[in-house]
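Right after this note come the structures.
In the two complexes below, chain A is the common chain; its partner is chain B in one and chain C in the other.
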Partner chain A sequence: MKTSYKLLLTFGIIVALGLIIHFPGYKLARAHVNSKTAVEDHPLLCTSCHLYTSKNKLLSKLVNTDYFSPFNMAVSKDGSNLYVVAQESNELLVVDSKNRKVTNKIKVGEYPHTVILDNAGKMAYVSNQWSDNISVIDLAASKVIDTLKTGNGPAGLSLSSDGKYIYVVNSFSSGISVIDLSTKEEKKRFDAGNNPTGTQLSPDGKSLLVTSRRALIAPYGDTLKSELTVIDENTQRVRERLNVKSAYMMENVAFTPAGDLALLTMIRPKNLVPSIQVEQGWMMNYGIVIVEQKEKGRIIQLLVDEPNAYYSDPFDIVITPDGKKAFMSNSGVNFISVINIDSVRAIISGASPELLSEYSNNLGVSSRFVMKRIKTGADPKGLVLSPDGKLLYVAEQLEDRIAVINTETLETINTIDLGGTHRITVARQGRRLFNNSGHTFQNQFDCYTCHPDNHEDGLVYNMASKDMGRNLTNTQSLREIRDTPPFKWNGKNQTVYKQDGMRFSTVLTRSEAFNYDDLDAITAYILTGIKYPPNLQYNANGILTPGELRGKAIFERTKDNLGNIIPENNRCITCHTPPFFTNLKLASVGTLALTDDSMKFDTPHLNNIFQSPPYLHDGRAATLEEIWTKYGKEEKHGVANDMTKNQLNDLVDYLKSLRAPRYDGKDSKKQKTSLKSN
Partner chain B sequence: MRKLIGRSQRKYSAIAVIVFGISSFGFTGLDKHPDSKDSKVKVIKDEVKPMPVYGHWRNFTTKDGLPSDKAYCVRIDGDRVLAGTHDGLAVYENGKWKTYTTKDGLPHNGIVSIDVSELTGDVWIGTLGGLSRWSGGKFENFSQLNSGMPNDLVYCVICDGKDVWVATGGGAGHYDTYTKEWEIFTEKNAPMHEPWTYGVSAGDGKIYIAAWGGGVIEYTTKTKKFKDYTDPDGEMEIDLLPDDGPVHDITTGTTWGDGYLWVSSYFGLCSYDGAHWKGYFDHDSGLASNFINFVRAKGPVVFICSDKGLSTTNGKSWVTYKKNDNNSDGMAIVKNYGRIDDSTPNKTTKEIPMSPSISHNFIIGVDEDKDVLWVATSSGISRGELLK
Partner chain C sequence: MYNLRATIILSFLMALCSSGFLFTSCKGKSMEGMIIITRTSGKTQKLKSNSGDSGNFTTQSQIVALNPEKPGSAVKVLTSAYFSASSPEISCDAMYMLFSARQKETDNCQIYEMNLNNSKIRQVTSEKGDCTDPAYLPNGRIVYSKSTGNEILKRGNSLFTCNADGSDIRKITFNPCTYFSSTVLKDGRVLTLGSQIYPDKQDAMLIVLRPDGTKAELFYKGEKGSYLISGGHETGDGKIVFVESGKDGHKGNDVVSINYNRPTHTRVNLTSELKGNFYSVLPLQTGKLLVSYRPPDLERYSLYEFDPEKKTLGRTIYNNTENDVLEAVLVEKHERAKKLPSEVDMGVKTGLLLCQDINVFNPQSESNGRPFLKSSRIEVIGIDSTMGTINVEKDGSFYLKVMADTPFRIQTIDEKGKVLNGPCGWIWLRPNERRGCVGCHEDQELVPDNKVPFSVKKAPVNVPVHINKVVEKKVSLE
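Entry: the complex of A and B
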């Protein structure tokens, strides 16, 4: 045989083999991608899943990078230094505001939240939300000199008017710790609303306001109420617990210099009407709560939205020293709304309760008091004014940058680069999308709106079904869900791709679906970038208390108190299997409501479940206890009716102790380090 | 052999003498009982202050703004007075009563116990249908269904630092206001005869639970250990052996003041100084009746709410307030001895007329502060002032 024939034959065999492999291989790959994405035209890019969402540590390190993610800020009395909380790098960044340079980085605790300075400007206090403590920093030495123990999830901070106490808002355990700075001991602790964060002392030093993010737990159908807690600074007791109706996510508060008004950021969710109302502008509204600081002062709400344009996720608010302007960061649309306070006064002055009620839903009122919208970088969060009020600093969290705005001209005059990487990873891009309302109809909301802190907002939504059933849906957490498919309560979505793809836009956002690059990015973020906070309140070190151990035994029991065998499918452990406490299967637990479509429910994961009230698919159980005391009578959701009250308490204690499995591994060191520093 | 036995007997005799001596010392030298002449107890001494007598009674009923004449409890909170009635919580402030009911957010209108947290100022309210925290004008309710609370029949609530303790129809328990968790105690995990508990009090690092049929359950908060005190006579309605323990296993209340635990029952009153019990009955002391609903100690003085009047004692003398059956007048009966068998010379009884008197002799609640006494009765609430 001639050599040329041999070559031709070899080539022919290779081609034939290639064709044989290619076509079925392609077909298989196509089928695989189709099944994961629920569409038939997603590009066949292996990197979409196998690189950006890879669990491989080396790959993950290669494709991802570290960011600062500035969150909240403080400014020195002379305005020369900015102190920036870098939430992701666990640092307090010292920024020379004149030269626009980071001059120092001070390591603090896990996931820092807020920084405040003492009256002399010599010390800084940084709340470490995932360490349950406060770093006390000597600013001259740029050094953490002390650590103060707090309640669970310290967030907002305020010093007492005499500087002797620090008030700490415990965002996870919903309370306020009063810490005596001379003894460094917690003097007392109050309850405060639900998931409070923001706090501000009134100019006269008499009242401390604390804002709640989540609404108070109430049956579906009741008017939403969120608490504004008022502490009497003199007696250090709760003076008032004000209900702010139809509002939640009251992130922060600012007083006018005269102290006659307090302005809060807020969201007015329309969770009681079917979600098909998105096109009618009835999903979310955003605005301010105005609380008159006098006896029987009114609580007024004004929207900053406009007809056909929403200004989502308001976060921070500050007021200029002359009391003329307020600045509010609208994180979901990358804008600062400038509010004319005199105009606000004119609108509310003498207005009847009926008129004010109408204003609270009126998209046209904002044109009367919003002076300007100033564009910012991605995800503007904390705001701080220079002492003379001439400059506004904006923490652009997903830009790793501080914007500098002239408060007279209302123009951005500079930016301060915090010196991090300029590379935007796929997951980072996903986080930007997650936090941006650009993909919903008229910018009404974004993922973060209903999943604040990548968790859930504690609300139950009327997700109208195709058959016009009600399908009340309790928002679920997005923390560490990569290993817990399927998704949605009915388990219809096998992957996050499918969850956030075309159906998502059809059902929820009512706009163009994410393009595939964006879908890759948002999936990468959800699957890799969202972590559980440590469970420092109920399981700090992995050692269960005697009660929790008894509860674990009940959770895993195979026989009831009378010795009867519990059917395998009715044991807690069967469906709620560690480490995520879900067997990833659908089940019927006797909770289907008359207005629900006929369905089984995806077994929810249970880690950090204490942070997710209300419970069950429609949020009918206000507490973990109610799952069995009120809604477990049929014994389809585990056998519980034989239990004594002590046993039920033990079971609940055990459930509260559940935490992310990664804290039992390497990351447990971080948690333990946090504890040691306490 | 005889010699050997003799030696042994002598040895055992010597040991017996030593043991007897130590035992005797234990019964005498360490005796802290109030009536012991050589008592080392700091509180109730011979030079004890005279018993306060209250008068200038003013009575409040529905005519004065109370929601009900049936008052179950009363608590003084600074400038205001909180009263639990059959039909809601009544608050007396600036000379006026204001009522709060289930319409305002209370879990039940039958308010049977109230305490105020010294730390936070929050008011904790025990009702016949759950526990409520009244703070900043808002009621937050705890029930056996929505929380780890043992039972909705909350007979008694007290605040002890950051803990809120309850005595309920289904056990006792405490709510940690920091961790927001309940720990409950029933016959399953505590030395109780049954879960029914009527009273709870705190003092000296201990919690004292009045358990129905179980006497007094002492819980040391630091060690989390229990100790129970029961009547050696069991449930006999007479105290067969005086001063041998609680007067009865069915106890209705406990209170702690100035080193003494006071325990009430439907069969008499008793005190405990950490070493010895002492019983007080209507036939041998100034006690108005053996049927006692509630007790509250304020320093060395204990206020005893009975079905036949209000008695107060410091263990050395008594003042009992009674209303006449046929009119609104009554008297304060002052006795200068603690018990008929004590060593007080010249035991005397003196009656001080009161016009008006307390509003009814069936007393269920009492509180005292700054020389003002408030009394909850089954027919109105009375306010008395210290007679100088």
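Entry: the complex of A and C
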């Protein structure tokens, strides 16, 4: 055969093979990707599922990396050292603030939250939120010298005015522990709001304020109230429980040097208003709570938002030593808002209650007290001022960096690189997107806003999917949802790709949908980067108490107390199958409300369920018990009416003991190790 | 013979393989960096401002291109084949230009698109009315004004969108107002100059709406005695600039800026110190502005650079004793606006409107001595008749299901039947649009209070009220 024919034949075969492979191959690939993503337009990228969200440990290790994720900070008395809580590496980083170098890394407990220094500046105390303890660090030796046991989920810390006690805010068990530093024993513990975190001692040392993040549980429709707990430092008793109305997520608090005002960060959600638009602040607003520190002091709220710009997820707040300026980190938009405190005083001075009420919903008022917005790196969290108040340090959590801002010029003058990797993995990019409001119309909210700590915010929303006032929706946790599809209460979204796709932008963010790279990133983060905290409160070591064991037997029972067989589809264990305690199917449990469209509900997963009140799809049950005592009379949600109160208590105790399966595997060692140190 | 055949076949295959490259790399000379100007000869007519009577269209105007780096060099006329052309708009990749033009004096004005690499022009619209003021939408569609007069409205422009090839035309404004000079904000919404023409004529305002016609709302309204001359353009630093007349005791037309974040309270007159008149303004990515300006001692509008920080006029970019410069655009790549999703469903016949409290009041105005009177009812008024009177709930809320794409206004009524406030400006709802307002005459900067409106605990009230039932397409549950 002549060369020309050979060439032609070869070319023809290649083309024919290409066509044969391409068309059926493309169809097969398309069908495969469609089935895995539950959408029809995701690009045919193998990496989306087989790399970024891979369960293969080797692959996962290759594509991911470790970060510091600076969270909160403290500064030494002379300003020479910064102490940075690195939440992901479980370390306290010692930073030479002058040379902008990390000089030491001290290993602390799991998921550290806050650091404070003692009055002499020789010791540091770090709360370890996932270890239920405090690391006591000798700063000269750069060494953990002791561990103090706390309540569940220690977060904010404050020393008593005489330095003899440490107040620990137990964020998970909603309480405050008072620990005697001489005996290292917990002297007393009292309740504090719901999911408290921030705390600050007044300049006169008389009052300790503790802020709550979640609102107090109340029926849908009631005015939202979040507790600000006031503790009398002298008597170490709760002096007052103030209700801050229509606000939640009060992360942190700061006093003016004169002590006449306390400023708190806060969110004013619109969960009771039908979610029909984003325009005109219809979903979320952000601002400060001002608490006058005097007899019958007023509680005032001012928004830091503007009519077409929202400053989402306020986290920390600090006030300069001269009492003139406050700095607030707006984590969702990567800004620091600078607040003129004299202007705040002028606005509230002599204002009538009606006017102040109007101010709390007015987007224009911020122009009278916000002096400047300073741009930061990704996800600014903790703030700390140098002792002379001239420098502001900002923990840029998702930048692994500390920003240094001149408090006079209000310019960023430096950044401190914490020395970690500069590679941004796909999952890390997803975490940035999760925490950033840039994908929502006018930056009004982000995933983190309703899913703080990747969990849920404890609120019920009127998502107004069809008509307004219908289909109330209890926010669901995003912790370890990888193996629990479908998603949403009605189970309409089989994958996160679908959940966060085009419809998500149409009905919720009302702005441009995630592009495919972003969608891959946010899916990678949600499926691989979100873990349950250990259940140290109810099931620390995997050994159930006798009551929990009895509850387990009830959970798994096949006969009621009278010996009647319980139909299989009405047994707890049938639908709530371990290890995630869901059979991944839809069910009707007699909870459909008149205001709900006809639907079945996705069986929710139950691990760490104690952290997710209220319960049921519309949040009607304030407690686990109410699921049966108030809303289970028809026995469609399991057979419960035969149970004695003790049996019900046992069942609830067992449910509260449920924890992530990984704590029963390899990670259980970690948990037990941290417990031993207690 | 075979060798020759082999050579031919090989050459053919090589040519085939390389054709893609050849075709894709066959581009003309880029016009990036050039300034494109609409100029008009003042001999034929007086320069007409956009005070609300017409769109930004002037007869016998030309679109020309000039190189700003070579002042004094000849301009290139881009629309010599047209009787008149204006309103150039550059695509975000700086490859194409939209403009409106009239081929012959008797023709309607239509939208055209020019490929800036090879100057080829294609017609986008072929409509009966005049189509003017085109702007690129981020989803590949185009928004433009079209004259849509009828018996009641006489003459006015509505906004329409269409595909880049002119297909799939959709009307997006439905009230008796006229709209023109639209631009697209970075947030994806259309910013347009609109003024009511029925029942009475009112001054133009800046209106903002989503490209599907939903969520139309006031963006900026000048104070009494002023009127808007040009549409607004967004700058790189979060401001909107436009030309306004009649304020600050200044007789001429001035360049004004407002902040995107707070448009109604941040007005700054950038040219109050300059005598003369401004006709249009365009922001550049450098932070400077291009302005069409006529000093008091000259007869013609020329093109200048303007520094908004220093509030000073810069170099003259183009002047011509025979022509006025109406407007200018720089051929440069720019950030694409956000593609907003649409909630419009043409299978649905109605939209929903929720008002949280018609009795929301401003405590400051009450303290000024004005008594506050509570309303207990509203009347919904259509173009030529009432659409019904509706009791509001005890908390002042109401919840309406209104026939889509139908203009209406609302006025509030007290217990004795006396009209207290209103009627408000014209509202329309797109099919399946769900919209909320805090109150009827609330401060625009007020957000809703976090409470369940009583009205949403019931079914919405149909409007017009004589409609007993609206059979809707079933909307799938989210």
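Criterion: the second predicted complex is superposed on the first by the 646 of 678 C-alpha atoms of A that agree within 3 Å, B and C clash if a C-alpha of one lies under 4 Å from a C-alpha of the other, contacts with A are read in each partner's own complex, and residues count from 1 in each chain.
Note that in this section contacts are C-beta pairs under 8 Å (C-beta built on N, C-alpha and C of every residue); 3 or more make two chains touch, one makes a residue touch a chain.
Computed from a prediction, not measured in an experiment: that's the story for all the values here.
With the C-alpha superposition on chain A as described, chain C and chain B fit side by side in the combined arrangement. Of the two partner chains placed around the shared chain by superposition, neither chain B nor chain C is touched by A:T65. Looking at the shared chain after the overlay, A:R237 reaches chain B, while chain C stays out of its contact range. By the touch criterion stated above, A:R503 is placed in contact with chain C alone, chain B being left untouched. Of the two partner chains, neither chain B nor chain C is touched by A:S343. When the shared chain is aligned, chain B comes close enough to touch A:T629, but chain C does not. Comparing chain B with chain C, the partner in contact with more residues of chain A is C. Look at A:K2: by the touch rule set out above, it reaches chain C but stays clear of chain B. The overlay of the two complexes leaves chain B and chain C separated by a minimum Cα distance of 21 Å. Taken in their complex, chain C has these residues touching chain A: 2-3, 5-6, 9-10, 13, 138, 187-188, 215, 217, 260-265, 338-343, 352, 354, 356, 362-364, 366-367, 399, 434-438, 443-453, 456-460, 475, 477-478. For chain A in complex with chain B, the residues that touch the partner chain are 151, 173, 175, 188-191, 227, 229-230, 235, 237-241, 243, 537-538, 547, 622-623, 625-626, 629-630, 644-646, 648-649, 652-653, 656.
Those residues of chain B that touch chain A in the complex are listed here as 119-122, 133, 135-138, 140, 144-148, 150-151, 162, 170-171, 177-184, 186, 188-189.
Here chain A touches chain C in the complex through residues 2-4, 7-8, 11, 220-221, 223-224, 246, 268-274, 276-277, 279-282, 285, 303, 306-309, 352, 354-355, 357-358, 361-364, 367, 441-442, 462-469, 471, 490, 492, 502-503, 505-507, 510-513, 597, 599, going by the rule given at the top.
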